[in-house]
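One chain, subunit A, appears in both complexes that follow, with subunit B as partner in the first and subunit C in the second.
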Partner chain A sequence: MKKFYSNKVAICIFTLPTLILFTLFVVYPILPEILISLHKNDGFKSSAFVGLSNYIEVLKSPVFWKSNNNTLIIVAISTLIGIPISLLMALLIDIQTKWIKRFFKATIVFPAVLSVTVIAQMWVAIYEPQWGLLNRFLKYLGFANITMAWLSNEKTVLICVAVAFVWQYLGLNALLFYTGIKTIPKTYYEAALIDGAGFFKCSIKITIPLLQEMTKYVLFVSILGSMSQFAHVKIMTSGGPGDASRSVIYQLYYTAFSMSDFGQGSAIAVLFIIECLMITVIINKFVAREKLEF
Partner chain B sequence: MTKFSKVFSLVLSMAMVISLSACGSGSNTEKGKSDVSKTEKVKIKFLSLSADDNRNKIRENYIKKNIAKEMPNVEVEYDLGGGGQDYYNKLKTYNASGDLPDVWFSEQNLSLVVLNSGNSLDLTQYVKKEGFDKKFTMKEVIAPWKDGKIYAVQSGADQYFTPRLFYHKDMFVKNNIKVPKTFDELLTACKELKSKGITPMSIVGKDGWAPNLFMLQTMMMIEDPNVALNLANNKTDFNNPVVKNAIGRIQKLVQVGAFDKGVTNVDYGPAVEQFTSNKTAMMAMFTWELPNLEKTCKDLDYMQWPSAKEGLDTSASIQYWGAPLSGYMVSKNTENPEVAAKFAMFCAKEDAVYFNTENKSPTAYNTGIKIDGMSELAQKNFNEFNASKLKVPSLWASVYDTKMSAEISTADGKLLTGQYSPADFIKNINSVWKNNGK
Partner chain C sequence: MGGVLILKSKISNLFIKIVLVIIGISFIFPLFWMLTMSFKSKSEVYDNPFGLPQKWIFTNYGEALKKFNFFTYFSNSLIYTIATIIITIILGSMFAYCVSRMRWKFKDLALSYTSLGLIVPVQVVIIPIFILQRQLGIRNTYWGLILPYAAFALSSCILMLYAFFRTLPKELEEAACMDGCNIYQCYFKIILPIVKPALATQCVLIFMNTWNEFFLSFILVGKDQLKTLSVGLLGFFVSIGVSDWGQIGAAMIISSIPTVIVYLISSEHIENALTAGSILK
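Let's turn to the complex of A and B:
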């Protein structure tokens, strides 16, 4: 059996169907997309070949750079706030009793399995200025002076959308971290216990370093997921007010479908692919380069 | 165990194969135009707006109910397209993928997208054959497009729709607030209402809806209606001082707190509900809502748009909705063009019947129905509409192309935050305006 699975032919046979589908539906469509990005295209016919003119227009557009910045802000919130919270949740779940552990393992993924529409509408209701939960809670605590129309204010709208997005996937990331924690041999913790290490020290010195592979995976998933943020933006604010909360993918959708400019929309898509590849290379290069072993 | 695994695998494989076979199209119809026998039903896919109460009633109570009687050989598949930007995007996606429904309801800026792609059917021969064009009192409504062809059929109800500033008479009286005659008085009235804890005005703010469809144009017309007409005829641009002032007026209304706090997220239904449940004292809306408002608001009235220029009578000019390419369109690739065209004309007629009977409002299409029992307010609106000396077409409905509509939606959305200056608005929109319609 081991000989069968280490056989290169066997590996090819098992991975070929997925590779074919991936190539057909993910890799191949990039080629016509690059072609469209070099033409003036209104969605149903390509007219003139314009070379790199679409790319230049996109790169000169302040709205594109604003949407790019918005995306990076969402990525930053997801990575710097979302991931640590998920890790903390996983660590706390691990030290609970059996039944509490089971309860949380089942329930923390509920937001992730719910439809994005449901989550987004829920958060729209929370942010509602007149009767929303957030403003009512702030008034109850005596902070009525900071209540506002969260989704209508250019300064707060992006953070509000990011919070909704990050909240939805906190539990899923926590579950991934928890899975990683379960793979760490108990002997390390037993040895640390003998030396008098508590929960905090064990987490810092043992759990987090040995979770690097899982952390790298969660980083990839989280960053790429945040980069391709669209649904929450569309449902909660339609990129508004104005263009204040547009992400790169929303800007792509707006350019292609609202402005009927598929040429520039494809150019945005190609630039987005390049950006994602660059981020992937950076993460690969600087995160968890060597497998850590005690 | 091995034998069991083999049997289990075989059963599982067979189950998967059988379930896959159900995914086949199994269609026996031929592609292209088909002969329809009297017993065979023709399937028509129909996309309609579904976020609008009037459109929903027309579809549910008129089209669905009467289709079997009028066109018994037709079976309709109803596709509900939502409203606003969502509807536009759905139709544009269908257009781009070559998967347009047979018949759909369209507005001018959207119709141009389909027209330019060559996907809309020329309805001229079918309109003439049915004598549909002879039933119109306003011939402009069924006039051909620039290329001499007719692409859309409509009831002509749209032409009579105009934006009004509805208000609760009782609220104004109770709070001792004078009905404003000038824009400055309107600002004062808004401040007074706000000080009494009442949101002054309800508008649909999502995607800049109200400024897009009428408010920006109204703010121009209260100073100089000829500027709006010149803009419609491409004789001026957004640098015009009257246009700049109009943008500034909307900004001022936002800054005095005339609208709901979260106005940029207020959709159609909630905006109307705010007014009908007395949460706001005024509502800026088209007269297509008048029948619905009269049912729930016993103290309903509308005021003339407050003037921004001394001596200007704002009732002397009126903004009207509708455009030559608004209405029901047919796909060029429909399998049954004659049946689809007939269905489109049937829908336009049902529109007219609805507006004449339930809404008690006139249409350019003559249904033969005498409009009795028009409410006092509806009669007042109708009389003022007919009496107005200058009728200006809606810029949104009949002038803006797709790009212009998209960009002005963004700009108007920003305007409703109160932090977007007229200068920035003009700088960003003028470059798009220069290429409008080209």
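Let's turn to the complex of A and C:
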């Protein structure tokens, strides 16, 4: 039996293909990334070693800071507005009857399974200035004076893109919270119910604290997802008008593949990795770490 | 928990019910809107954006299919997705099995090493991957996208299957060993059939991620002939401009049909798959 489990040839056959593929495309690229960021590179050949000057260029450029701010705004909208809405939806679904639950579970994940191109284009139609859903709706409510071309206005464009993005994954997050709620044993509620605590009290004092594992997961996925936001920006606005709605990843793409400056593009990527790591550490620090066993 | 809590007041309960149904509908309404739009003429979209079409027009679909290489993009997406699923499932399950059951020195290290993939967002290594693709000579081939897809899908697949393999009893292999199976027979004939449900969940998860993937396919695929459905659809929108929303709606519906069918067939599986990921944290 022991021989069976420690067969060296078998271990190699079982693990090497994965290790090679994984190393080649996921881990190894970080090394050339750092090297490229220290060189001048036009996309075809790497020429002179330029030290940190790519980083300095990037950090000096106002467009980079603008895109970085935009990204942080998208992260803030998805965490501070999106996640609480998802959580509230999950709490409310849980107290509904069976058929509403089934209906809700079927519809809320729908946007998340559709292609991002379809969803983003649908939101372009919603924001369409002449006949778009939003402007028509505002007119109908009597707010004709605040209708506008949402996606070509520098002030509103970023929020509009963020809303489309958050909306697409709202239901998925709610479903995740709901799965978390279902795993909480009923016994936790018995005492509270005898004492006459209602839905709101139970939710705040029992359900939400017991959901911390799931909350941490949702936070992690949703923050990293909105940090690396690219598709909605590209499809809805191409970063425009001007550079008003560029995200960091859009800026990376633009620098590297439209301006053919792989050096600066890589510098942005390295800065972005550092930012992601910092955020991961912060989430781990602030959201409790101990595992709850039921 | 399910149904322990109830709202005491009937009125607020009814109110919440109504709000929830409205929210639920709002998640599918835009798609319904696109569907009605796809049957409208160019001018009717402007005059009557929301109602049902006054004059039903079916030519939008034919026009869209003529200009939009749906079948090319569709079969490309299918090739990318199926190949990614096969490679990831075979390699990932073998690796997860080996790490969870076999005895060797560096298995814990190997597991933490592969979980690095959860932290590295694919977006940040796009430039080196772009260059690597050229160096390996796989640019503008199907492999150029399949290999990075599989590599990035491996981490979560391995971790979820690892958790699953650990729950299997050791007696399975002991019995197989007594019967004279070698490790390969034991793995492919006994273990894999047992973990089929977990593999199915993984397939659904990888399908959803790969089928709708945008970033890598947008940047790594140069040739129009090899583009995926998501990227090809964007190209079609750009070529149409904002003038003919009837055709845009038709193209959106055509390209959503495959996903919707998969969703309707396996919605239970999809729910499991989407929430299965949460064991990773």
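The rule is simple: the second predicted complex is superposed on the first by the 264 of 294 C-alpha atoms of A that agree within 3 Å, B and C clash if a C-alpha of one lies under 4 Å from a C-alpha of the other, contacts with A are read in each partner's own complex, and residues count from 1 in each chain.
The definition used in the following text is that contacts are C-beta pairs under 8 Å (C-beta built on N, C-alpha and C of every residue); 3 or more make two chains touch, one makes a residue touch a chain.
As the structure is a computational prediction, the values presented were derived from the model and not from experiment.
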item: Touching partner for A:138 - first (subunit B), second (subunit C), both, neither; value: neither
item: Partner chain in contact with A:243 - subunit B first, subunit C second, else both or neither; value: first
item: Subunit B versus subunit C as contact partner of A:36, first or second or both or neither; value: second
item: Partner chain(s) touched by A:279 [first = subunit B, second = subunit C, both, neither]; value: neither
item: First (subunit B), second (subunit C), both or neither touched by A:22; value: second
item: Which superposed partner A:81 touches (first subunit B, second subunit C, both, neither); value: neither
item: First, second, both or neither for A:182, with subunit B first and subunit C second; value: second
item: Broader residue contact with subunit A after superposition on the shared chain, subunit B or subunit C; value: C
item: Which superposed partner A:257 touches (first subunit B, second subunit C, both, neither); value: both
item: Subunit B versus subunit C as contact partner of A:153, first or second or both or neither; value: first
item: Touching both subunit B and subunit C, residues of subunit A; value: 124, 128, 130, 257, 262
item: Residue numbers on subunit A that touch subunit B, as the complex places them; value: 42-45, 124, 128-130, 148-154, 237-244, 254, 257-262
item: Residues of subunit A defined as touching subunit C within the complex; value: 1-2, 4-8, 10-11, 13-15, 17-19, 21-22, 24-33, 36, 89, 92-96, 100, 103-118, 121-126, 128, 130-133, 136, 171-172, 175-176, 179-186, 188-189, 193, 198-199, 202-203, 213-214, 216-218, 220-221, 224, 227-228, 230-231, 234-235, 249, 252-253, 256-257, 262, 265-266, 269-270, 272-273, 276-277, 280
item: Subunit A-facing residues of subunit B, complex; value: 85, 88-89, 92-93, 95-96, 98, 113, 116-117, 119, 206-207, 260-265, 402-403, 406-407, 409-411, 413-417, 419-420
item: Touching residues on subunit C, where the partner in the complex is subunit A; value: 1-8, 13, 16-17, 20-21, 23-25, 27-28, 30-31, 33-34, 37, 45-46, 49-50, 87, 91-92, 94-95, 97-99, 101-104, 110, 113-114, 116-117, 119-129, 131-132, 147-148, 150-152, 154-155, 158, 173-174, 177, 183-184, 186-187, 208, 211-212, 214-215, 218-219, 229-231, 233-234, 237, 242, 245, 248, 252, 255-256, 259-260, 263, 267, 270-271, 274-275, 277-278, 280-281
